[in-house]
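Letters A, B, C, D, E, F and G mark the chains in the order given here, with residues in each chain numbered from 1 onward.
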Amino acid sequence: MSGNPAALIERLVQQPVHVQLKDGRVLTGKLVGLDEHLNIVLDDSEETTKELSRRLGRVVLRGSNVVSLNAPPGGIGRAP
Amino acid sequence: MSGNPAALIERLVQQPVHVQLKDGRVLTGKLVGLDEHLNIVLDDSEETTKELSRRLGRVVLRGSNVVSLNAPPGGIGRAP
Amino acid sequence: MSGNPAALIERLVQQPVHVQLKDGRVLTGKLVGLDEHLNIVLDDSEETTKELSRRLGRVVLRGSNVVSLNAPPGGIGRAP
Amino acid sequence: MSGNPAALIERLVQQPVHVQLKDGRVLTGKLVGLDEHLNIVLDDSEETTKELSRRLGRVVLRGSNVVSLNAPPGGIGRAP
Amino acid sequence: MSGNPAALIERLVQQPVHVQLKDGRVLTGKLVGLDEHLNIVLDDSEETTKELSRRLGRVVLRGSNVVSLNAPPGGIGRAP
Amino acid sequence: MSGNPAALIERLVQQPVHVQLKDGRVLTGKLVGLDEHLNIVLDDSEETTKELSRRLGRVVLRGSNVVSLNAPPGGIGRAP
Amino acid sequence: MSGNPAALIERLVQQPVHVQLKDGRVLTGKLVGLDEHLNIVLDDSEETTKELSRRLGRVVLRGSNVVSLNAPPGGIGRAP
């Protein structure tokens, strides 16, 4: 039984998620908004690269830069 | 006799699939959702790169990053 | 006398074809489905790169990654 | 409870923001205009790269080059 | 006096043309089909790269990979 | 109070502006035309790269190559 | 007073122009056709790269590859 991605993503709202961007960055935060282009808004977000980690607060991500979005099985505490 | 790709893909739902992404990653998981942009939702997904493998849980893949989707003849147990 | 590409491609359905992807891979298989975005479905497909060849079964290719599609004069037995 | 990104971004107007561009540049300034493509207009903007910082005045950013937009928790005084 | 590109290209149908692709390949063949996206169908096509030349038969080129199309002044016998 | 980017850009018409392109070039000139894709027409334009500067006269820039447009606080006499 | 880019470009028809492509090539020729995507048709065109110059005759350029179009102040005889 198939489901619409938009509907399936909607269930992730208010949950902690990882967002993988095309430029290699991974952002984690609470998913508070998204639309059909996969434009994403995260609250209390944190950016992680190979070198560093920093807090970004509320962040808006343009969908065209998003590769994937996932809710990790063990929660955000795990490495993305 | 030709078939519409969307209809042909629909038959892969609930099956284990490999998804090849533009950035070289391969994800495997159960196909639970997709739309006309080839936005894809996988359950119990696993990411494989040359270096490592890790569990991602439910993952949403933006269609613009998807190169190909296939149901391997011998199932997911085989190397992608 | 000009022809519409979509109509001309339609004639290739059920024939063995080569598909050249942007990432350098070449896939061969029986063309079973396609649409106006050049999303393509192949059956009994095989992927060839410089290093290796492997069977992919039914594969869905997102049109945005397709460079060209051709039916080789001598059939699929020839090198792509 | 989900929110529309466009509505959530609207709340950032007249606030100091960081804009991350695809080419690696970071611009800071007061957000004075934006639309559904994430085209952005900043006032009193400043561009920061690894090498330098310079004032750009009013700047218009084409949405297709925007990666992310954020209002840093501690304000613009912090490093982006 | 200006002309519509689509109308001007239509006049090239059934003529031998060179097609320059984004990946550096040049294809020559008889133009038998094209549409408004510059999707192109060539018959009796031949691919030329710096290293080699090979016959492709009927080939479909996705418009997004096409850089330019030209009918060389001296015909196809000349180097592209 | 938010403003529409298109309306805000309109105010820059007939003013000297800098346009940053994706390929690293910076063009300066008088903004004489633009549209919703950020296609831009400059008069008396000058191109500046790291190596050289040259006059281009009237130039049309395709919006998809434009990164940013700004009216520098001190006018065009300053370095872009 | 602002002008529409399409209308401003229309005035360049039948004039000698330089077209800068994304792949670094510069083409010169008489502008004989164009449309809203900046698809361009040149007559008596000539391609110039760092290494060589060659005649292409009538050439069709896909708009997505066009960076800029200009009518040089001193005419085509000058270096592009």
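Definition applied: a contact is a pair of C-beta atoms (placed from the backbone, for glycine too) under 8 Å apart; a residue touches a chain by one contact, two chains touch by 3 or more.
Quantities reported herein were computed from a predicted structural model and do not represent experimental measurements.
Between subunit A and subunit G, the superposing rotation on Cα atoms measures out at 155°, rounded to the nearest 5. Averaged C-alpha coordinates put the centre of subunit F at 19 Å from the centre of subunit G. For the pair subunit C and subunit G, the distance between mean C-alpha positions equals 34 Å. In subunit A, 64 are the positions where the chain touches two or more neighbouring chains simultaneously. The touch graph of these protein chains is a ring, one cycle where each chain has exactly two neighbours.
Traced around the ring of touching chains, beginning at subunit E and stepping first to subunit G, the chains run E, G, F, D, A, B, C.
For subunit C in complex with subunit E, the touching residues are 1-9, 12, 22, 38, 63-64, 66-73. Of all residues in subunit E, only 10, 13-14, 21, 23, 27, 31-35, 39-41, 45, 55-62, 64-65 touch subunit C in the complex they form.
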